[in-house]
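Look for chain A in each of the two complexes below; its partner is chain B in the first and chain C in the second.
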Partner chain A sequence: MSYERYRSGGLGLKTGIALALGVFAVWSLAPIVWMVMTSFMRQRALIVRPPDFSPASFTLANVTKIIGESDMLWQGILNSAAVALLSTAIALALGAPAAYALARLRLPKAGAISFLILATQMLPGIAVAIPLFLIISRIGMIDHIVTLALVYLTFNLPIVIWILRGFFLSIPDSIEKAAAVDGAGVVQTFVHIILPISRPPLAAAAIFAFVEAWNEFFFALILTRRSVQTVPLVISQFQGQYQTAFGQMMAAALISVLPVILLAIVFRNHIIRGFADGMSKG
Partner chain B sequence: MPQIELRNVGKSFGTFIVCHDINLVIREGEFLTLLGTSGCGKTTTLNMLAGLEEISSGDLLLDGVRANHLAPTERDVAMVFQNYALYPHMTVARNIGFTLKMRGVSRDEITRRVTEVAQSLELGHLLDRLPSQLSGGQQQRVAIGRAIVRRPKIFLFDEPFSNLDATLRVRMRAEVKDLHRRLGVTSVFVTHDQEEALSISDRIAVMRGGVIEQVGTPEEIYLHPATSYVAGFIGNPQITLLSGRVQASSGQLSVVSGAAELPLPPDADVTPGQAIEFAVRPEQVQPDPKGHPATVTSVQPVGAATHVGVMTAFGPMVASLPRFARLNHGETITLGFEPAHMLLFDATTGRSVGRRPIPVRKERTGS
Partner chain C sequence: MFVAPALLVLALMLGYPILQSWWLSFQRVQLQAGRASETWTGLDNYIRLFADATFLQAAANSALFCLVEVVLVTLIALAVALLLNHPLGRGGIWKIMLIIPWAIAPVAHGVLWKWILNSNYGILNGLLMQLGVIDSYQVWLGSPVSAMAFLLLVDIWKSVPFIALLLLAGLQRIPQSLYRAAYMDGARPGAAFRHITLPQLRGAIAIAVILQTIWSLRVFDIIFVLTSGGPADATVMMNFMAYRTTFNFLDIGYGAAIANVIFIVTVLLAIIYIRLLQPREPGAAK
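Let's look at the complex of A and B:
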């Protein structure tokens, strides 16, 4: 629906839209609110039914304990950061030229190739988990940062290519024609013109790839042992055999999402523009 | 020597033919305009000149050398685009200097030439601005600066003024004409605006459906259109083509149209019985007490003239009368015109059968 139609719409329409957005906001935010609350609540208050929300139930103990005592969490954050940054950097370095080639170089069957690239996303991760594990353990690369980064790259690269390709398609081709007449070759045009004006979609793609890698649990679980445990693995270990330390677990989760939330806030405008531009053409 | 020569140049996308057998010779220092409605192939022709579109068939010669395969850079052309196509992340100075940078010109030399060009285009105070901080006219001037800074052999303009408002368009027209006079660089200009084409060009090539209908000076195109399409396309207000049949009585040729019989000029290239179309330019229709009765159907004063639509015994016409003609709807006046001023076309082929046949789709070489 267009903005004009919204503007000229009746009260009913506007109320309906506000309600729908409200429901969506509650749906999205409820788990986060619950996570934040849980990280500040005593275990006892959490396990009773219904949970006890009296002032006495709240404490800073979970957070201080996690920050003060859990070396594992800090190591996990470092590991996750290394894996996510490496994977994101490679995804952008490979994805941007690939997307540009698919969008602009008049390759034969560029549309079909683009679709095939996206089609790799339709394979469920579990389907490749066992062969992947066997190959990686055979070549002795289990428990390596590079291994995880490369595995995440295979998931992130197609998405990065699609986001960027959509944006490149939306750039008026007269800019590239102008560059060609000005004496720039394909590579020079890409480096001097296309990349600098693509900062919003590059930021959007980078955030996307980073978050995917940061949050990934399943492959991290099967492809690592002790030395490159990432944040999601560390958090899962608060679930013990006899008891789950909900408060500490959520405090750890809270700390681990902070970097991502911070990134999202800093690059908010870029991300929204990037996704809007990237998704408008396909 | 012709600087640009197109020989039977064609362009097709799959089975869709955009340009067909374009033959055109552009002389050094000439200002030639490709004129036509959208989709007529004029921009495609320009892109083929620039090297931005491949040529499907035929030859492009630059300075007498076949240039079909040359990249845009190697053709030494500069181009100004309809939407300006400035690099949005670069300042005015960097936009203008980019082409020099790509050619490995030293930094000092770039600064010197950019400053020089910016001053000549009155952009000196805007060099540090981004394109988004400029008005449309300023942006277009930057685009022109980017084109001239390199001193190319050929300028190509792709509808450069169509995104500007009317006043600015007329001003930029004068600036480009002046620029051409100063630099003397061969220029090819694409537009759909016939008035713009008439006012700016040394010669005009009128295109339609991927074919050149006529090439000539603005005067030739206006006064002696080679086809009925050109006659209708050029001129404001537009002429109305009327149909009739040629008749000969006592050695005098005339055209019978509706309830009227109009004498034809003696040198008309027609035969009795031939179906023709004819028209008279509005400014050549004048009040004449001995003329044809005409009922006024519309009165449009435009300042210097009043465009009066009338209905006559042979059909509708438009007369352009001086200043503010005080006429009323439904009023009957008498209008006349010289037979020699009639534009005559064969009704089937649309080609001129007037007193001075103009070769159609043939390029006149040499000056």
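Let's look at the complex of A and C:
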């Protein structure tokens, strides 16, 4: 038995693995497939037992109706996009320099500060939600895009710092030494040398922050009223209103998750490396 | 200068509210016509916790939910990670399958499952009926045990991918030379798994367990969408109860006390997590 054969197992094991992979694929995809199918099925095909899967049951009507008529959903998508972009931009602008300093500049207590920042990322929203709600109501900032974007920094800033810090730690010393020999200061080194080579982890951190902000529900529920409802809120309300219009309901949910799913698929390798390293490296 | 803005934001958005939350929890706060009136009550809110049947139920629910979810997620994620570490599971398609459940909004995910579990037209009922497993359509979210079981199923589906990625990264850090040595010594693959893979993966598994516990404690969105805590408060967990007490019942001081219980448990878990991270790379945290 060769080593390769030893590592990948005999025919029996391979068959077992292939079967298990099949089960995993069905488990992962079945709910999603059903969501997509429902979005394209007529109501009368869905409310028979069992559902009617004949070709005549399929239609674009749900999707076109939702796209054409649901101002609420579009408003939600615009609000979510604005909140997520703003929050991500601020998190990167504040987080990248902080991560660099914590990883590379010999700050006193850098390790302790880093771990404190990591710990804040784990705090449940409810631990800060009540005081935040009271303060924000008092200053009249409930239902503002900016409020939500700033509150999302409570989880996005730590994520961004932690992902970028992991990458900055791995940069060889020689790069900074070369920059210092050429007379570059700390700020110049960071802006002209470090940032340009950090595009992949910056992308990972940005996507991560964007997806988290896009999907966030708890703070949005507490801190918004009518005008800046984000997409998850709109979907949860649809569910109350269109309780029995299953096709439209699923079409709306599908449209609401499509942007971040596409982003996640396109950038999957960056994200996977970013979060696997970020969460398990000291 | 580099770190100050970030720390300032975190101190303002997290540090101050945390202190305020403790301050509130020692008071009775009443909202009337949009104004809060506060009366100092000392530890009353915390004492009340121990006599409150709803809270004790919520704490028990949280504990049960966390325990079952952490065990199942870790086991399933370990199996998935091992599968995807095998040459047959290396293709890019498998990564897509892990990343999609992660990226789906918990709310959309909850709404999707509410439709799957629908008691009149849900596909789960349809499927099980066709297969002859059930002889009439079931109200899956209608009884306490089954509602809890389905909440677990739905949250496990959403949580497995992230933990699997964490464990997969751990598997890929195990030096191949160890397996080569085991092969040379004639160890059977099962023995190699027990004596190399599992011990080498211990750190990653410990981290996965802690992180998943923290995440299970704060599950909210799917409860809100799927059961709203029902039937008969059977799926009310601490996080949901803190929300409901504060924002529906407007009992703000008591809500803050419940929130602080979750806060303390999370902090303890976070300390363990950080302890786990540190010794593995002693030079990194300088």
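Simple rule for what comes next: the second predicted complex is superposed on the first by the 211 of 282 C-alpha atoms of A that agree within 3 Å, B and C clash if a C-alpha of one lies under 4 Å from a C-alpha of the other, contacts with A are read in each partner's own complex, and residues count from 1 in each chain.
By definition in this document, a contact is a pair of C-beta atoms (placed from the backbone, for glycine too) under 8 Å apart; a residue touches a chain by one contact, two chains touch by 3 or more.
The model shown is predicted, which means the values in this text are computed figures rather than measured ones.
Contacts of A:Pro97 after superposition: chain C is touched, whereas chain B is not reached.
In the superposed model, A:Asp182 makes contact with chain B only, not with chain C. In the superposition on chain A, A:Ser54 contacts neither chain B nor chain C. In the superposed model, A:Ala129 makes contact with chain C only, not with chain B. Shared-chain residue A:Pro172: touches chain B; no touch with chain C.
When the two complexes are overlaid on their common chain A, residue A:Ile272 makes contact with chain C while staying clear of chain B. With both complexes placed on chain A, chain A has more residues touched by C than by the other of chain B and chain C.
Interface residues of chain B, counted against chain A in their complex, comprise 47, 50-52, 71-73, 77-79, 81-83, 85-89, 98-99, 102-103, 146, 150, 156. For chain A in complex with chain B, the touching residues are 172, 174-175, 177-184, 188, 192-193, 196-197. Residues 3, 6-9, 13-14, 17-18, 20-21, 24-25, 27-29, 31-32, 34-35, 38, 46-47, 49-51, 94-95, 97-98, 100-102, 105-107, 110-111, 113-115, 117-120, 122-135, 137, 150-151, 153-154, 157-158, 161, 169, 190, 211, 214-215, 217-218, 221-222, 231-233, 235-236, 238-239, 246, 249-250, 253, 256-257, 260-261, 263-265, 268-269, 271-272, 275-277, 279-282 of chain A are the ones that touch chain C when the two sit in their complex.
For chain C in complex with chain A, the touching residues are 1-3, 5-7, 9-10, 13-14, 16-18, 20-21, 24, 34, 36, 79-80, 83, 86-89, 92, 94-108, 110-116, 118, 120-121, 123, 125-127, 129-130, 137, 157, 161-162, 165-166, 168-170, 179-180, 183, 189, 203-204, 207, 211, 214, 217-218, 220-221, 224-225, 239, 242-243, 246-247, 252, 255-256, 259-260, 262-263, 266-267, 269-271, 273-274, 277-278, 280-281, 284-286.
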